[in-house]
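Okay, so here's the structure we're looking at.
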Amino acid sequence: MILPEAIAELVMANRIVAHLKVVDFFGHVTMRHPQNPERYLMSRSRAPGSVSAGDILEFHLDSTPVDSRGMSMYLERPIHGNIYQARPDVMAVCHNHAQGLLPFAVTKTAMRPAIHAAAVIGAEVPVWDIRDEFGETSLLVVNNDMGRSLARCLGQGRAALMRGHGSIVTGKSLKDVVFTAHYLQVNAEVVLRGRILGTVQSLSPEEVKLGAAVHDNPSLLGRAWEQWVVEAGLTGVV
Amino acid sequence: MILPEAIAELVMANRIVAHLKVVDFFGHVTMRHPQNPERYLMSRSRAPGSVSAGDILEFHLDSTPVDSRGMSMYLERPIHGNIYQARPDVMAVCHNHAQGLLPFAVTKTAMRPAIHAAAVIGAEVPVWDIRDEFGETSLLVVNNDMGRSLARCLGQGRAALMRGHGSIVTGKSLKDVVFTAHYLQVNAEVVLRGRILGTVQSLSPEEVKLGAAVHDNPSLLGRAWEQWVVEAGLTGVV
Amino acid sequence: MILPEAIAELVMANRIVAHLKVVDFFGHVTMRHPQNPERYLMSRSRAPGSVSAGDILEFHLDSTPVDSRGMSMYLERPIHGNIYQARPDVMAVCHNHAQGLLPFAVTKTAMRPAIHAAAVIGAEVPVWDIRDEFGETSLLVVNNDMGRSLARCLGQGRAALMRGHGSIVTGKSLKDVVFTAHYLQVNAEVVLRGRILGTVQSLSPEEVKLGAAVHDNPSLLGRAWEQWVVEAGLTGVV
Amino acid sequence: MILPEAIAELVMANRIVAHLKVVDFFGHVTMRHPQNPERYLMSRSRAPGSVSAGDILEFHLDSTPVDSRGMSMYLERPIHGNIYQARPDVMAVCHNHAQGLLPFAVTKTAMRPAIHAAAVIGAEVPVWDIRDEFGETSLLVVNNDMGRSLARCLGQGRAALMRGHGSIVTGKSLKDVVFTAHYLQVNAEVVLRGRILGTVQSLSPEEVKLGAAVHDNPSLLGRAWEQWVVEAGLTGVV
């Protein structure tokens, strides 16, 4: 994948996560640079639903910009840089405050997948509480110490919740991370409503493994992505 | 009904279930071939909201394609083929993961109709758990053994839930199956919210019978269908 | 108000209750004939969101058509005719299955207004159960005996719920009945969600009286109506 | 800021709170006059989603109009006038009945921020009950005695709930008040749903302070505002 194609796909990913209400005017989706694994690509500071190719900047993994071109940047870049550093297998990251998952983040309830498509979120999604290591803060992840702590909580997983704040989601590609971020929210809503009815049956660890393998499939991910492009009126946008 | 008309109606059914959020990019609606009861019609693998006449393929009841024309196919065809085999009265099938009904599927709560229009779902909707017969799986119904097992759980009913996955809905026509799939979800949402208030009164078995008979009416089904075509902006699409 | 104006307003009321999701393809809104109190105006059988002036028919209060012009008619006309008979003060009626209020109808929970704009629904909304007088039925109100029974349950009130079915709402004008039907649903949603938090404080009987008087105001009702016309894209439709 | 610019921004604020469903046809957003702190600007009585520059009127802080130009005025002007009198630091006020926060208003549940962006609502949002001082009323704030009582309950805070009615929100600017009114509703929805899962963790008092400081930032508020303008199709409207 060469850079202009990568940027076009990153713009589309920004627009799609906005369409899916995974992000609103806050939240970001990024990708590792396709030719240089020591860099990542991220929009300048603006609402993801309005991001265009000209907004995409390159960052070193310490989250300093290669060239900011005088643009304002997201404060929480260290979330992304530290995950790319800690996890060479991760090619894309989404940080979001999707409203559907926040009830889990404010109650520190461990989230487990209960529907097969949500197997992609992993067997359990841990909750990171910034207060444990950093005491009283604004809850924002604004330096590399905080970013490293969050990446440690993520470990080898696919996603983590952040107490009082939101979530991080990782993927092997942009399509993968968008799909996973979407199902993190869908699973949260289904499990929460299931709690009204009774005890929720999570997938077994083996079902998580087998279910994730099925959805780790470019054709399935592509079917979702293409439909989102249509629904969001993004055909031909980038 | 001749084939081109049948295909046009199947395309419309795909678009309507997408509009109703009965399906998203997953899920499928199919019909028995209007001239050959040993075949059924189903889209190639794509999001139902984007299906067009050129996407419709014919399948034998063992779910092998008559001619796949080189197109990729849905993995879960055995759901459909085995229901058409087991139930000569069924003319249309919808498999879906409608979000509103998933809380019942993840808690294995038996669903009963509580509102009169939902009488069409039958007196009780059983929950099929793939684990009971097939152990650890991805939860997908990918072979005829699984499809037969699911069809046995359905029995002579109108619908069944699938644990951790979704539902199957059957009908005497496409209009019937779309109507029933819609009310399966509406009933789920009403019953779940009713549980917050107190004990939900289900319809009596006789009310289910009488209510279903009223809604087994081409003029009522047509009133719903026509409105969906308008709402979804599908006038003149097919 | 002369007849063409009345019909134009009735068409608009049909479109607005569809826009507000008070009705979908089922449900109806009617008005007493502006020149003959022994008749009422109602659409032929079609989804309210698609009703046009040519669909409006006149009915006697026994719900026989003055001239059906060969059109199919709603089955549940007796709901309307019997309310107009029993309540000379009622000028408009809406029968609906609004999803937000159904949890109350399936649990037979008495609904009371808890927000000031819902004072228009009256101090308490009774629940009518067709089974009490008519035993096992399809739950539809298909004859004048049933219609009279429902009207008795309504009494001098503004609205009543129907077990397993929906609601009836009355008003002094179309604008009034649409406003009240909307707030019946809004109040249901607020009270249900309030139950998750704790004990819901209903308005006092005196607050209901004073709140209803404030909202019995053509200028307030007009502010709502005009905004709905804009939102629903109905400017210049009729 | 000169007057025409202020009016243009106030019109946009009206349209945005309508887009965000903070208000429907009821509710209002106002600003202190940019050149005369003894006056405030408010639309004539109409749905905020339809407000244009020609609708904006000037009021004295006792809520009498400077010149009503024969237009009808909102009844609840005393809410605004009395807050501007009591709180010289307040530059904008929003009174709304946002449906998401009403469950707290009808149960008199104290609301606390649980997500970092909601730190702007302050550490605790008090509930004002008009009945405490004024007995049986329509719940509307229709005179300056009532307005003063409500302003006392607000104290030095950012927002207050009104039992059975809605809320008031204050800000240092229109962008600030719109952002805060939005997050008052988002926080209400997240906390309510969190209650279904278990005990909700509120932000600590220090986290509220630090979180509010982060969001008291023209660039963050601007990112939200610009996205709302785009989403609501308001580019170039004013």
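Order of writing sets the chain letters: A, B, C and D. Residues in each chain are counted from 1.
We take it that contacts are C-beta pairs under 8 Å (C-beta built on N, C-alpha and C of every residue); 3 or more make two chains touch, one makes a residue touch a chain.
It should be emphasised that the depicted structure is a prediction, and the values quoted were computed from it without experimental measurement.
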Which chain's C-alpha centroid is most distant from that of chain C?
A
Interface sides of chain C and chain D: same vs different residues, half threshold:
different
Chain B and chain D: spacing of chain centres that average the CA atoms, whole Å
46
Please compute the C-alpha centroid of chain A, do the same for chain D, then give the distance between them in whole Å.
32
Which positions in chain B are in touch with at least two other chains?
196
Report the topology of the inter-chain touch graph, choosing from line, ring, star, complete and other.
ring
Residues of chain B defined as touching chain C within the complex
114-117, 119, 186, 189-191, 193-194, 196-201, 203-204, 206-207, 210-211, 213-214, 219, 223-224, 226-228, 230-231
Under the stated contact criterion, what part of chain A meets chain D in this complex?
24-26, 45-47, 49-50, 72, 97, 99, 102-109, 131, 136-140, 163-165, 192, 195-196
